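Once you scroll down, you'll see the structures, which are given as structure tokens.
There are two complexes below, and they share chain A, which is joined by chain B in the first and by chain C in the second.
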Partner chain A sequence: MRVNIRVFARLRDIVGAAELDRDIPTGATVRQLWDELVVEFPDASAYAGSLSAAVNTEYAKMETMLHDGDEVAFLPPVSGGQLLL
Partner chain B sequence: MPTKVLIPTPLRPYAGNQDVVEVEGVTVGELLANLTGRYADLRKHLYTDEGRLRSFVNVYVNDDDIRYLDREQTALNDGDTVSIVPSVAGGAGPAVAEPSAAPKLSNEEVQRYSRHLIMPEVGMDGQRKLKAARVLCIGAGGLGSPATMYLAAAGVGQLGIVDFDVVDYSNLQRQILHGTPDVGRPKLQSAKDRLHAINPGVHVETYETALSSQNALRLFESYDVIVDGTDNFPTRYLVNDACVLLGKPNAYGSIFRFEGQASVFAMQDGPCYRCLYPEPPPPGLVPSCAEGGVLGVLPGIIGTIQATEAIKILIGIGEPLVGRFLIFDALRMRFRELKLRRDPDCPVCGDRPTVRELIDYEQFCGVTAVPQTGAPLEETSVEGLKTRLDSEDDLLLLDVREPQEYQICAIPGSTLIPLGELPGRLAELEGRRNIVVHCKSGVRSAKAVKLLREAGFSDTVNLKGGILAWIDRVDPSLPKY
Partner chain C sequence: MSFQRLAVTTKRLELDALIHCLSEATKNGESEGIGAVASFLGLVRERNLGHRVMKLEYEAYEPLAMHAFERITSEVVERWPATQLALHHRIGVLAIGEASVAIVTASPHRADAFAACRYAIERVKQIAPIWKREFFEGGDVWIEGATADPDDATAREDAYRRTCV
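Moving on, here comes the complex of A and B:
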């Protein structure tokens, strides 16, 4: 099945796009999709612990099961433009 | 088929002292209309003069808040139970004085606020609520600037601001509370001047302190709404937890480059920041000087959304941005909205909270300095670098900043390889010895030194203080950023 992935903030830099489509096995969860994404974009792995996800614009847990055509958003936290040195 | 309606204790005197009444209605709206038709006194407690359900009255169908269903259009089925749940003092609703107790408006104020007053949603009652209201803004920076300026202009009676920073040239691109002549002044002073110029009728209370677990509850206590304009994760979690513990609405906003986020947290039955982000990001992921940056206009948009939400909550109109997480993308000029619910397992606002008092947020976010392990970092001063550049031919000065930073200023003779590209470009350094690495202030270059030493470049040292120290002590002709 095919899902549409949307990424935000720093993940956009890492993925190099705001959205992408990927094929995943039937019955895969948000976490499995994320794990696939990390294989493709290893730099994203650092965000695993502090990530927030939404399926079809509704906040979702990592255990949420995905369906064909779902739109999955991954949102890393954003602190507010602080410039650390 | 009548539906059972549970009447809460404070409203029972207006419903014939009954705790349950049976009322007909195909939708919640129809049922409430029939209910208030039967008990006229109940009407003013549930509805505003304009016929809108009061914002502090929550209606549930069985276990679901109608705000998450079809609101007043929610259809009723056989066997449904409708509960009316008004927020009570000490709960999450802002404890704004009722209009009768709220201060009157002077003729001058009537003139000033006339464009508010002629709208039925605000009117005299709403404006008096604003005058009686107290809003605390955490931070007088990018988000706090537009938020406090519009709240002052709107006539919020008391504005509190927490900040301890001094105005810097690099703030002026977005922090419109402060002007060029304010550079070097405490932000609270220029904020107070600016807000007073906009509206001298607003009492501005300033708190020149860092918000902490020790002072947050005391500071928040006397305010109705908190506007979170902070710039770091420990303070974000601190503001969130304090708001939940005190039942104060948290008008949240956050910005990064061209993207902004906004929501209202800690409203009764609504989610909090921890429902969205239970765990803070590892400290290394907080945008660094290279990765940060923000479009100057962006906090203007997000900060005014925060001010809008604060005003709506204070007056009790409209639909608050509760349970909705708004994401704004300035480059694509798009708003997206994600639905968000209170997480019953949330450690702060969940059904069985484990965080019942404020904690150490620096530690929680992992930003407390940890003792360095391993060999001490080899570093050189900018004066030492100058001497070596003048005397050594084979010295490699490696700049690990981003290309756009290199364009602003660079130390002559340096080679640019951004930190993120370094692991993949080690081959370019093959055979080089005597490497000095620098960045803006020395943090990224320290990471690069560690990486290079582990890769076998054992003669690598860090430039202490980065290019900023170089500009300060060796070449003041270069621009600082």
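Moving on, here comes the complex of A and C:
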């Protein structure tokens, strides 16, 4: 099955494109898709601990199972999230 | 003039447009009406972490940002039932002093309007999928804060605590 991947901000810079299509096995999860992406773009691994994801424009967990035609977004930490000291 | 309560836009933000869409919405309502309007404008600041900022570029995942704004609206109504919210975020390249985010809350009484307004901006900063790239002399950098997780109850409670209610 095929999914559409969207990436933003510095993650988009690392990938070199705002979106890309990839074929993944049936039943693959968001995390498995991310792991594939990191193999292709090793610098993206810096976001392993701080990433958010969305499926079809709603926030989703890394364990979410994907379906053919899904739009999967990988989101670096958002700009306003700094904790005030 | 925009009458949308929630928006991600490349256009200059106008507080009047947000105030207008809230007051219009309650004219024929059965509520107590509006006794207080509070507003917040976030501006592009000239200095950050000791260096001079030349401009900022904002980028959003627009459909998810709109869903995040709808979620924030629901949270506000849950805490302050008679309060209404309008929220516009600008994207694209912004110069120093320009507004990047505008929030207006309207409520029967001022305490709720102030609290809801503060809560809304804290939540925008926590969960809106919006990033800024800071341009300074000699380079640029994406500003990255915390991981966006709308289900993080601690973050939500932190935003509520900042309203000083």
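Criterion: the second predicted complex is superposed on the first by the 77 of 85 C-alpha atoms of A that agree within 3 Å, B and C clash if a C-alpha of one lies under 4 Å from a C-alpha of the other, contacts with A are read in each partner's own complex, and residues count from 1 in each chain.
As a convention for this text, a residue touches a chain if its C-beta (ideal position, glycine included) is under 8 Å from a C-beta of that chain, and two chains touch if they have at least 3 such contacts.
All values reported here derive from a predicted model rather than from experimental measurement.
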Message: Just checking: does A:Thr26 make contact with chain B only, chain C only, both, or neither of them? Give me first, second, both or neither.
response: neither
- request: Applying the touch criterion given at the start, work out whether A:Arg10 contacts chain B, chain C, both or neither, answering first, second, both or neither.
  value: both
Message: If we overlay the two complexes on their shared chain A, which of chain B and chain C does A:Ala46 touch? Say first, second, both or neither.
response: first
Task: Tell me which partner A:Ala54 touches in the superposition: chain B (first), chain C (second), both or neither.
output: both
- request: Quick one: classify A:Pro77 as touching chain B (first), chain C (second), both or neither.
  value: both
Common ground on chain A, meaning residues reached by chain C in one complex and by chain B in the other: 8-10, 13, 50, 52, 54, 57-59, 73, 75-83
Touch list for chain A against partner chain B, complex: 8-10, 13, 18, 43, 46-47, 49-50, 52, 54, 57-59, 73, 75-85
Message: Going by the contact rule set out above, which residues of chain C touch chain A in the complex?
response: 58-59, 61, 63-64, 67, 124-133, 142-151
- line: Interface with chain A, chain B side, in the complex: residues 142-143, 170, 229-233, 236, 253-257, 259, 261, 275-277, 279-282, 284-289, 291-294, 298-299, 325, 327, 329, 332, 336-341, 420, 440-443, 466, 468
Task: State the interface residues of chain A toward chain C in the complex, per the touch definition above.
output: 6, 8-10, 13, 50-52, 54, 57-59, 73, 75-83
